[in-house]
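In what comes next, chain A is part of two complexes: it sits with chain B in the first one and with chain C in the second one.
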Partner chain A sequence: MAASIIEMIVFPGFVFLGVLGMIFEYVDRILYARLQNRKGPPWFQPFADFIKLAAKEDIVPREADSVMFKVTPLLAATATVVASFYIPLWGPAALHSFAGDAVVVIYLLTIPTMSFFLAGWYSTSLYSTVGAVRTITQLFAYEVPLFLVILAPGILAKTWSLSEMAAFYSAHPLLCLSNVVGFVVAIVALQGKLERIPFDIPEAETEIVAGTFTEYSGRLLVLFRLAISIETVVGAALISAVFLPFGYGLGAAWGFVVFIVKIAFVMVILAVFKTSVARLRIEQMVNFCWKYVAPAAVLQLFISLILSAFVG
Partner chain B sequence: MGLIKSLVTWSRVKSPWVIHFNTGACNACDIEIVASITPKFDLERFGVQLKGTPRHADVLLCSGPVTRQIESRLKRVYEQMSNPKFVVAIGTCACSGGVFNGCYNVKGGIDTVIPVSAYIPGCPVRPEAIIDGVVKLLGSLKNPAAAPKLPITIDPAGVLEKGA
Partner chain C sequence: MVNPEKIVKIPIGPQHPALKEPACFTVSLNGEKLVDLDLRLGYNHRGVEKAAEGRTYTQNMYLFERVCGICSHSHATCFIQCVEEVAGLEVPPRGRFLRTLIGELERIHSHFLWLGVAAHEIGFDTLLMYSWRDREVVMDLLAMLTGNRVNYAANVIGGAKHDVTDEQKAAILKAVDTLEERTKYYIEVASEETTLIARLSNVGRISLEDVKRLGTVGPTARASGLSQDARRDDPYAAYKEVPFSVITDTHCDVYGRTLVRVGELMESYKIIRYVLQNLPDGPIAAKAPRKIPAGEAVSRYEAPRGEDVHYVRGNGTEKPERVRVRAPTMVNLLSVPKMLEGNNLADVPITVAAIDPCFSCTDRAIRVADADGGNAQVFSWEESRRFGIDWYRKNGVDFTDVNKRLAQRLK
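Up next, the complex of A and B:
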C-alpha cells in the first residue's frame, strides 16, 4: 500500500514526471528560441512559471460551472500520470502491464484532451467555447491515425501489450525498420495531441485569446500546464517505447540514460517541426490529417500485416 | 515560512507575464511594445511572455490616454486579472493624458481609473525604456527597502526634469 502510494506520488509518479516534464519544457523552449536566433529563457524558467502561477489567486467566473471548472485540470494531470505506469520507460517491462494495455494507454492519453474540451465548455466564455469545439474537432482528425500506428507494430509482435511489444522489438531490432512510416505519423499526431504549432488551433492566441484556457488562472491553470508537460514526456515515451525499442537490456542506470536520450531525440524532432511551420486553419488541419496522415497510417497497417505473414 | 515567501517573490520576479491593452493610443506606443517582444530584444530571456488573456497575466501594459469609451472596459480588464497584479503606464499619454489632456472625450492618464505601479513616459517610448521600467518594477518587489517607492518613473530622455 505504502509502496504504491510512493509509486503514484513520488517515483515515477507525479513529482518525478512533473520535474521531468518541466525540464523537457525548458529543452523545448530553448531549442525553439535558438532556432529562431534568440537567446531563450534561463534553465529555471518552467519552475519559476510553475511557482508563480501556484501562488496566484484562483478566479472562478460566476457564469462557469464551478465543480467542472475545478475538476477538469485534476483529471487531465492524473490521467497522464496513470498512462505512464503502462509504458516501458527504462526496462522492457512497464510498472504494470496486462494484455491490451496499449489500448488503455491511448484512451488515457485522450482524457486530457477531453478535459480540455470540458474545461472550455464549462467556462461558458465565448473564446473558451470556440477553443473547446476546435479541440474536439482536432481530436477526430489525429486520433484515428495515432491509434492505427500505435497498434500496427503490435500486429507484427502479436501482442497489444506495450511491454511485450518492447520486448519483441528488442529481440528483433531489424523489424523496427518496418515501422518508419508509423513513426512519422505518430510524431505528427503527437504534435496535434499536444496542441503545438502547426496544430495549436484550439489555443491560437492571435485569434481566440487563449482558447480553452482563457478563463483559467492560478493553481487551476498550473495543473493544466503540468498536465501538458507530463503529456509531452509520456507521449514521447510512448513513441520511443513503440518505435525506438533500444537499450532495454543495459540495466537500470544506463537504461535511464538511454531513456532520456530517446525522449530528447523525440523532443528535438518536435521542436524543429514546431519552428519550421506556421499554424494551419482548422479545416486545413482536418483535411491534411484525413488526406495524408490517415492513409499513411493505413499503409503502416498493411506493411505490418504483410510482414506478420512471414515473421514468426 | 520565510523561505517559501522568498521563493514566491523570486518566481514573481523571474516570470512576469504581460498583457497589452490599448486604452486609446495613437498606435505608436503599441508598435514599440510589440517591437520590444520581438526576437531582437528577446524578452523571454527575463521570462516575459505576452499573454492573450488577462486571467493569465501579471502585468497590464496600458498605452494611451483613457478615453471615455474605454474607461469601463479598462476597469473590467483590470478586474479580470488575478492578484497580485501590476499596471504599467506606457507613453506620455498613458502617464498624464499628454497632448490629449482636456479633450472632450478623454478622461486623463491611466491613474485616473486604476492604480498604476510604474510610469514610463516618452512619445513614443523606446523598447529599452519599456524593458527598463518592467525590470525596475520587478526589482522593487525583490527588495522593497532598497528599491524606489512605487510608483516608479522611468525618464531616460529627461523629459520630466526639463519640465516639458
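Up next, the complex of A and C:
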C-alpha cells in the first residue's frame, strides 16, 4: 500500500514526472530560442515560473461554473500521470500492464484535451469558448491517425499491450523499420495534441488571447501548464516505446540514460518542427490531417497487416 | 440569411495581444466565418494639430517627428517641405540627397519591422526573430548617422542636419550588402515555405477597382496592381535624379503585400547605393528665416506605409496658423472591412497588420456635421465634463462623495 502510494506520488509518479516535464520544458524552450537566434531562458526558468504562478491568487470568473473550472486542471494532470504507468519507460515492462493497455493509454491521453475543452467551455468567456471549440475540432483531426499508428505496430507484435509490444520489437529490432511512416504520423499528431505551432490554433495569441486558458490564473493555471509539460514527456515516451524500442535490458541506470536520450530526440524533432512553420488556420489544419496524415496512418496499417502475414 | 442567434461578437481591442496600439475591431462571427466588422478608432487622440499652433516652426519640426514612432522622418520631412514651400526656400542638392538617404533607411527599418509583425500575427515567430535581428543592422546605421535609433531629427528647415563622412559611407555600403543578402533569403522563404504561403494567399483580397474607389495608398494599393508612388509621381527630395522602379504585384492579397514590401527593400538598397555614389558637393542646408511668410502649402511624401499628406498655413509669424496631417493609415483603414469580407477569424489580425496600421498617427478629432449643413455636434469643455459625470453615474459610479471628501481634505 505504502509502496504504491509512493509510486503514484513520488517515483515515477507526480513529482518525478513533473520535474522531468519541467526539465524538458526547458530543453524545448532553449532549443526553440537557439533555433530562432535568441539566447533563451536560464535552466531554472520553468521552475521559477511554476513557483511564481503557484504563489498567485486564483481568480474564478463570476460567470464560470466554479466546480468544473477548478476540477478540470486536476483532471488533466492526473490523467497524464496515470497514462505513464502503462508505458514502458526504461525497462521493457511498464509499471503496470495488461492486455490492451495501449488503448487505455491513448484514451487517458485524450482526457487532457477534453479537460481543456471543458475548461474553456465552462469559463464562458468569448475567447475561451472559441478556444474550446477549436480544441475539440482539432481533436477529431489528429486523434484518429494517432490511434491508428499506435495500434498498427501491435498487429505485427500480435498484442495491444505496450509492454509486450516493446518486448517484441526489442527482440526483432529490424521490424521497427516497417513503422517509419507511423513514427512520422505520430510526431505530427503529438504536435497537434500538445497544441504547439503549427497546431496551436486553440490558443492563437493574436486572435483569441490565450484561448481556453484566458480566464485561468494562479494555481489552476500552473496545474494546466504542469499537465502539458507532463503530457509532452508522456507523449514522447509513448512514441519512443512504440517506435524506438532500443536499449531495454541494459540495466536500470543505462536504461534510464537511453530513455532520456530517446525523449530528447523526440523533443528535438518537435522543436525543429515548431520553429520552421507558421500557424495554420483551423480548416487548413483539419484538411491537412484528413488529406495527408490520415491516409498515411492507413498506409501504416496496411504495411503492418501485410507484414504480419509473413512474420511469425 | 444567417440566423442572428448563431452570430458571436468577438471584440478584438481596445486592448488585445494582436494590436500594438489601441483600436477596436468588433468581429461578428458565424462559426469561424466573419460576417461583419465594426471598426472604432479614437483611443489615441493626442491633439497634435492643435499643439502645433502653439509652437514655433522649429519646435514643430520635433513635434511632427513624433507623430509616428516608425515613420518619423516621413512626417518631419513632409511638414518641413510645406514650410519650405511657403517660405520659398530652395534646399541645396546635398541636403536633398541626405534626406533621401535617411528616408530610404527608414523605409528599410519599417519594412523589416512589418515583416516581423506580420510573421507574429500568423504565429511564425521564427521569422519575427530573424527579421528583427536584421533590422538591428539598419537601426545601428541610423544611430551612427544621426545619434538616434528612432526620431532621428535629421532635418532642419532648409536642408539636412547631419553630413555623411567617408567612413560612414563605407559602413553604410557594407551594411546594405549584408541586408541585401538577408532580404534575398526572405524572398526565398516567402516563395517556398508552404505554411507561410497557405496563411497569406487569398487572405484579405481587394480588387484594383476597390483600391481606386477607397483611395488606398502605399504598398497595400501597389499589391493590387495600382502603380502609384509619390516618389515617382510627385518627386521630392532627390527622387527626380535617382533611378528606381515602383514595385507592383497582382496577387491582390496579403501575400502580394508581402512581396511588394520585400521588393521595395531591394529597391531601397539600389537607391541608397546610388545616393552615396552620386552625393553632390556643397552645403547641406540653406539659411532659413525665423518668421515664415503668410501662405499655404500641401506636400506629399511616400512614407513606408503609403502616401503621407501635410498641409501648413502660415500667417507671417513664427508659428503656423493651421497644420493638417493625413497619415496613410487613415485611408488604408477604410479598405480593411472590404478586405475582410468572407474571411475567417484567424485572418483578421494578419489582414489588419497587412496595411501596416499606425493608429496613433491616424487619430484626429473631427467635427461631425449632418450632410445638410446644420446640427453639428461639438462638445464644449463644460458639456463634455457634464456628459462624463452623467455617463458614470448612469453606470453606477458616482464621484460626488469622493470629491466632497477631497475638497474637505484640501481645506
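Methods note: the second predicted complex is superposed on the first by the 312 of 312 C-alpha atoms of A that agree within 3 Å, B and C clash if a C-alpha of one lies under 4 Å from a C-alpha of the other, contacts with A are read in each partner's own complex, and residues count from 1 in each chain.
Quick note on the criterion: a residue touches a chain if its C-beta (ideal position, glycine included) is under 8 Å from a C-beta of that chain, and two chains touch if they have at least 3 such contacts.
Because the structure is a prediction, the values reported are computed rather than measured.
Look at A:Gln284: by the touch rule set out above, it reaches chain C but stays clear of chain B. When the two structures are aligned on the shared chain, A:Val209 is found in touch with chain B and with chain C.
Applying the stated contact rule after C-alpha superposition, one finds that A:Gln36 touches each of chain B and chain C.
Once the two complexes are laid over each other on the shared chain, residue contacts for A:Leu221 go to chain B alone; chain C is not touched.
Once the two complexes are laid over each other on the shared chain, residue contacts for A:Phe44 go to chain B alone; chain C is not touched. In the superposed model, A:Lys52 lies in contact with chain B only, and not with chain C. Chain A residues 36-38, 127, 205-206, 209 lie at the interface with chain B in one structure and with chain C in the other. Those residues of chain B that touch chain A in the shared complex are 7-8, 10-12, 14-15, 39, 42, 44-45, 47, 51-53, 55-56, 58, 80, 82-84. Put simply, chain A touches chain C in their complex at residues 35-38, 126-127, 129-130, 197-198, 200-201, 204-209, 275-284. On chain A, the positions that touch chain B within their shared complex are 29, 33, 36-42, 44-45, 47-52, 55-59, 127, 205-206, 209-210, 213-218, 221. The touching residues of chain C, when paired with chain A in their complex, are 8-12, 16-18, 29, 32, 119-127, 129-130, 133, 193-196, 198-199, 344-349.
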